[in-house]
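Structure first, then comments.
Read from first to last, the chains carry the letters A, B, C, D, E and F; within each, the first residue is number 1.
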Amino acid sequence: MKKIEAIIKPFKLDEVKEALAREGVQGMTVSEVKGFGRQKGHTEVYRSAEYVVDFLPKIKIEVLVSDDKAAACARLIENTAKTGRIGDGKIFVLPVDEVVRIRTGERGADAI
Amino acid sequence: MKKIEAIIKPFKLDEVKEALAREGVQGMTVSEVKGFGRQKGHTEVYRSAEYVVDFLPKIKIEVLVSDDKAAACARLIENTAKTGRIGDGKIFVLPVDEVVRIRTGERGADAI
Amino acid sequence: MKKIEAIIKPFKLDEVKEALAREGVQGMTVSEVKGFGRQKGHTEVYRSAEYVVDFLPKIKIEVLVSDDKAAACARLIENTAKTGRIGDGKIFVLPVDEVVRIRTGERGADAI
Amino acid sequence: MHRECFGRTNRAGAGVALAMLWVASSAAAEEANLLTDPKVMMDTMWTLVAAMLVFFMNLGFALVESGLCRAKNAVNILAKNFIVFGVSSLAFLAVGWGLMFGNGTAFFGTEGLFFLSGPDNSPATGEAYQGAYQAISWATVPLLAKFFFQLVFAGTAATIVSGAVAERIKFLSFVAFSFVMVALLYPVTGHWIWGGGWLANYGMWDFAGSTVVHSVGGWAALAGVLLLGPRLGKYGRDGRVHPIPGHNMTSATIGVFVLWLGWFGFNPGSTMALDPKAISHIAVTTNTAAAAASMSALVTAIVLLGKPDLSMILNGCLAGLVAITAPCAWVSVGSSLIIGVIAGILVVVSVLAFDRWGIDDPVGALSVHLVCGVFGTLAVGLFADASAAPVTGPANGLFYGGGFSQLSAQFVGVIAVGAYTLGVSLAAWAVIRAVMGLRVPDYEEIEGLDLAEHGISAYPDFQLTNVGAGLLTGGGGPRGGSAQPAWAAKPATAQGT
Amino acid sequence: MHRECFGRTNRAGAGVALAMLWVASSAAAEEANLLTDPKVMMDTMWTLVAAMLVFFMNLGFALVESGLCRAKNAVNILAKNFIVFGVSSLAFLAVGWGLMFGNGTAFFGTEGLFFLSGPDNSPATGEAYQGAYQAISWATVPLLAKFFFQLVFAGTAATIVSGAVAERIKFLSFVAFSFVMVALLYPVTGHWIWGGGWLANYGMWDFAGSTVVHSVGGWAALAGVLLLGPRLGKYGRDGRVHPIPGHNMTSATIGVFVLWLGWFGFNPGSTMALDPKAISHIAVTTNTAAAAASMSALVTAIVLLGKPDLSMILNGCLAGLVAITAPCAWVSVGSSLIIGVIAGILVVVSVLAFDRWGIDDPVGALSVHLVCGVFGTLAVGLFADASAAPVTGPANGLFYGGGFSQLSAQFVGVIAVGAYTLGVSLAAWAVIRAVMGLRVPDYEEIEGLDLAEHGISAYPDFQLTNVGAGLLTGGGGPRGGSAQPAWAAKPATAQGT
Amino acid sequence: MHRECFGRTNRAGAGVALAMLWVASSAAAEEANLLTDPKVMMDTMWTLVAAMLVFFMNLGFALVESGLCRAKNAVNILAKNFIVFGVSSLAFLAVGWGLMFGNGTAFFGTEGLFFLSGPDNSPATGEAYQGAYQAISWATVPLLAKFFFQLVFAGTAATIVSGAVAERIKFLSFVAFSFVMVALLYPVTGHWIWGGGWLANYGMWDFAGSTVVHSVGGWAALAGVLLLGPRLGKYGRDGRVHPIPGHNMTSATIGVFVLWLGWFGFNPGSTMALDPKAISHIAVTTNTAAAAASMSALVTAIVLLGKPDLSMILNGCLAGLVAITAPCAWVSVGSSLIIGVIAGILVVVSVLAFDRWGIDDPVGALSVHLVCGVFGTLAVGLFADASAAPVTGPANGLFYGGGFSQLSAQFVGVIAVGAYTLGVSLAAWAVIRAVMGLRVPDYEEIEGLDLAEHGISAYPDFQLTNVGAGLLTGGGGPRGGSAQPAWAAKPATAQGT
């Protein structure tokens, strides 16, 4: 099994979620992160002094998929999350040794 | 070494933490995530219009353990976090190449 | 490629970020986590009753690097984040199968 | 000033006041005597305290409106609601007051137009009054007390607009409209009804401003909403309504409590005189309508949706307050209860209707101020009852044997004010759109106006969540005018986050 | 109403007022004259302004209570505290006022019972008064001013309950109890003490309501807490107390400041007359007690725990205010300082004690309103000092040479009111439990009442944390009655999150 | 007190009041008569209502200051701003009042020094007055009304300090300074100007306290800031300014609205008499200055930075209010507009300047209260215009043909008060530093004072973000005195998080 982690722009979440769901991905886990990268942060102003905020809000999606679906799934996220503008984010694919569904105790691909 | 990631229901955190601590796990890292899965979200109402919130609050636990303890530890989390109701969550076991304890510079199993 | 995850003390974030940037790391992803470990939590007081908060705020940094830079990068984080006091945190190095830059579709080391 | 000079003034003053009381009833009393006349003193205090309460309603509006919008726009809304009172203060001083209360035509004032510059010997009243502001010469208080009281009312009308156009309007465009509103829009219809203009002569009555203040604010807001179009994400591609929850129900609740308090200045204070019976009566009708409307909105929400919806309870309370504003002095406590009940139902239904019609009003300002402002104005023609009223006023209403005559006068007032205000507002908004633009670019709207327009976050130490927080993909929606293309149409700008 | 008719009224009125002043002292003055009597005018304004301040206390309670509870229940608490004033307004209008102030027996009023329907020629007082509400005929203000003032007091009593039963009670069950409270509970004991009933005749004194309002609210809350049991997670399986921190200390602090402000209406306003010496005196005793209690609670908290605990400073301030409420007009400023100091210590100790006894009161309402309400009532019997008092009142207290007589009258009042209110409240809560249930299911309590009961979050844009936020595993606790089984006992329902 | 005794009092009282009015002008009127004199009644009510509004400013300060600081210090700031009024109440009662208003020397009072213990037959005034507090005998209200009004002013001065020293000062050290401030600092300079002291005799005028209250608070704050040094992370190692954004702009905005409201008590209330013309005039000048300053600060911010900065609009409003405080009764409405415009510009420039000079004032208290307090005091010497003023006062200002004489008197006042307050404050802060320490350890500052000093978080249910929230590495900064070593220098303590 593989774990796909994708860092995307926040407003793309709904689209990506729906795309994945359409492809039969039944679950995913999402969290708020801050990204630092080529896309530079923005300037804020407070009491007449400016400062740069380096970290931009991003969404991290984690999806467990079976080995055979990993590539397709990554591709799907890539296509959906893409705007072509800097800061679109990254997708990482990590190996996973084992998966357990807590409710049933199922293991491996069944647990996804 | 292995990294165990568990997505659980929030109110199970204390129990899981205590169970792990009892088994000699000395550290863990926890974060707030939102889960999307078979457990459907709930309906909210705002100014007389209904809408569905798909993402439910979950807790993600990350624990580094030595290879030999991984299975037992995953099992322990599974048993403690289980309510038998939908949405109990998942456990993933990932391979880890290296661990460092920042304070001492210890590496590998010593660092856990 | 490797994914380096580091759990550090929050006030060390800026220093670590700058050190990494100086070494040519162009991106990273950061999130808020709570840590449980040897560093004990603090006691809080509410309406004249005391209680212990076990989980302490920590920052998790995730950086994707090519295999050859992983060790140096981990070392750099270690040195920068170290205060020598309990609770300095941990660094984990995980194997990564694939990386994609969403904007360009680049893969592998190019995508980092 | 805490000093001996004042001691002197006072000591003298006290002596004069007391010795003179029994001769002070002479119509020729000089200003000096009037100013130590207990009635003038008391009326002034009452008027000023009421004005302070109405001033405080600015806080209420700021909190209701920011609370019912998203965190990413909170600074913008707070800034708008704060500065709008600054703008109003200057605009009303500059020209609004003169247009509204200056002697002149049936349509607007022409004497003493700018900067309170007309002659005025207030607190002299009646025959004794000489000055440029005859229409408000009945109030036995100094000129500046009248001005201050009327100013806070003008500010209220302007601040109503803010909520309806929130989360997408440019800050400076709103500031510009506010100036126009208080300098030119509000005072004109105000003159018609409270400035001795044609509607007053026609027999239309509005005690504390269901029409003069609230529906005028509502019409101006409606014009803005029509030109702005809905917020991105409010309507899906299929036209379905996507509720966009507000970010802080604590703020919204504080806001409504503050407004409720402020209304005890707004309505009872509109006597501008310490008339014990009238102000007690009005306090109770005001409170009863608010309470009844809160309850009826609660019940309506439970019936329609099965949930006690706090946002609807709050809007219900405001609806009751707006509706009782016109009739508060001329209806019985029992009628105020009925008016409240109706307003509470009306507001829930009307929020649903505006949403369905594609008119996106983030805070329900139209339902509260426009719909219930109109209803309250008509309620005078339905419920007015001279036998219950502590002050003289309109003819009896339909339900109290007065037939349709008062109702039709009210109706004419509603239509005339609506037509004028909606028309001129549309023109004003359109000019502003042409000159400086009305709506922020889509990517700024997605990122939030706080960062884009103000370069600041309202809550920088808090982790704001982007999961399920209304950053929806679907743009446009049913009313999609030129101002709100689906964001996807210009990806080049979508770099914000 | 801003129109010439009013001008006429006023012009006439002013003339009459002045010309008539010197003859107005005749006992046969007609209402028209009374209404232009400066004293009636001033008393009315004072009473109404004070009533507005007391009304505003609803905001204070809403913020203290929601601030000291968890974010997941904030909407629920705000909704309860908002609607409770709506309910109170209608219930007191419908029947509460009549029961409390109507002429009748020593136990409750029977004349003019419903909807203020009794005859009444207020502001006539004394011999001249004719009407159904003799007991409050001393106040020289119009009937509706009396009503409004008393209404906001009734609302206060009802809102006190909200905090103690928070985070577990069903919304509609609370609404039902509030109605009972204001329609039947509060007015009865109120009649005993302020309505010319048996306790008044017995010689018990309570100036502004330490007993009539605060301890009555406290007893009713205690009954609710006893039947509800503690919140899940408050007590571990071993019975140890787990503090459940409130979610917003900013809210709580705003709330207490607003309450402190409101108390300047509550206490000085209870003169219902603009008596310069009395209201100045009461303002200072009230403020001094609040300040002293804040300080003594701070010191007590530091001594007991080593930390300047803000929640205790805030509760301390309220404790001082509640305690000085009964004696504020009859004790010296020095005594008010001592009363404040004692109240501040009392509240800290009593919060600890209730927690230990397994009585789970999330916001300290019992410690503040019940304990200090009782203490304040007794303080009259200890500190009353006719030589320092600006108005006549009780016999001197124990410390001022009055012996035990006043103290024992106060004691009888405390016991009688406590027994009645606790008893009837228990019965009322029990009936409500039987008919509609009292406590939300465990999984709703874990998920938070906002989502479960209202389908909404207070702060949807904010990331709320579940780590260490009181979602504790241990259920039940020492008092575990039938209402709060450990959640583990019914896993079938624990599907919420 | 709601009981027949009061009825008796009132009935009698009313009769007496009315019958006696025409003889009450005798200078020998007894206290009993005075207390039923309508003027005394009205003045008392006005004074008390104004005092309540000023009291409420404590909430405003608490919210502005906590809102403009970080979430991790919110409890600490709220606790400081809450307890400071408790401390002030006791300190002013104990000795502050006596020092300020007691008869005595040109430098401080000596009679009736402690606990209001001097003889006093207020509300008798003028010749009739006999007592220890001659300087304030001009006010026709009872002693305790005078005391309460002056107390809330003293509290304001003390609370100003809180914001400037926030986020690094020890809680108890601040409490100690506040006591000194209200017991010994504020009353002395207050005596000079309002207590019949040497500056009053010298001809310096300050109507409502630009100097007496605001700049005194500002000087005391400046002394604290100088000894404390800047917050960690405010200045980078290179000396560059790192803005540290406040955590809650909603709080800050509520705070300023509340302060604006409070100022309607502060300025118009400082008449301590219901003078219709004066209070109407002052309400309008106060409001106009606030509005104008909000606008000019907005424009200045846009010009300098291109953004409508809400924090600057808010500070601008306060700047206008502080500046108009001294001259509000003696300048025309037009002048108040100009004064406001200047204050709004001044505050923006001065915030930038203090930041550049390394004087770290988290909330802008120095810019608002010190700079604009001084400016407002001088504005009396520039804009005073007897022909526009509703009460007598200073000589005409420079711009109204009065030459430099009044301006120079104002200038002397500014310098004298500044020198005394800064000097004594520095000494007081230094003693406190020696005895109990001034600044929390660095690791407590990094962790936040809430956890370290109070063991509590303001928002425990909310996920606070540590990313980019001012937990900066660079310590020290340009002013680095002994109190703020770079944290890196003592890693042994940096264990907090």
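Things worth noting here:
Convention: a contact is a pair of C-beta atoms (placed from the backbone, for glycine too) under 8 Å apart; a residue touches a chain by one contact, two chains touch by 3 or more.
Because the structure is predicted, anything quoted here is derived from the model rather than measured.
To find the repeat of C-F among B-D, C-E or B-E, check which pair has over half of the same contact pairs by residue number; it is B-E. Annotation: D-E is the more contact-rich of the chain pairs B-D and D-E, by number of C-beta pairs in contact. Summary of the copy comparison: rotating chain B onto chain C for the best CA superposition needs 120 degrees, to the nearest 5. A separation of 32 Å divides the Cα centre of chain D from that of chain F.
Chain geometry summary: the mean Cα position of chain C and that of chain D are 52 Å apart. Here the spacing of chain A and chain B, counted between their Cα centres, is 18 Å. Here the CA centre of chain A is 46 Å from the CA centre of chain D. Shared interface positions of chain A, i.e. residues touching 2 or more other chains, are given as 30-32, 34, 44-46, 50, 54-55, 58, 83-87, 94-95.
For chain D, residues touching at least two other chains, in rising order: 21-22, 38, 40, 42, 45, 49, 245-246, 248, 254, 305, 307, 309, 311, 454-457, 459, 462-465, 467-468.
By the definition given earlier, chain contacts exist for A-B, A-C, A-D, A-F, B-C, B-D, B-E, C-E, C-F, D-E, D-F, E-F. Taken together, the chain A residues at the contact with chain F in this complex read 34, 44-51, 53-55. Of all the residues in chain E, the ones that touch chain D in their complex are 1-11, 13-15, 17-19, 21-22, 35-36, 38, 40-42, 44-45, 48-49, 51-52, 55-56, 58-59, 62-63, 66, 74-75, 78-79, 82-83, 85-90, 93, 115-116, 123, 141-145, 147-148, 151, 171-172, 248, 251, 254, 453-463. On the side of chain A, the complex with chain D involves touching residues 9-15, 30, 32, 39, 42-46, 50, 56-59, 83-87. Across the complex, chain A meets chain C through its residues 2, 6-8, 31-38, 54-55, 58, 60, 70, 74, 77-78, 81-95. Those residues of chain E that touch chain B in the complex are listed here as 446, 451, 454-457, 463-467, 471-473, 491-492, 494-495, 497.
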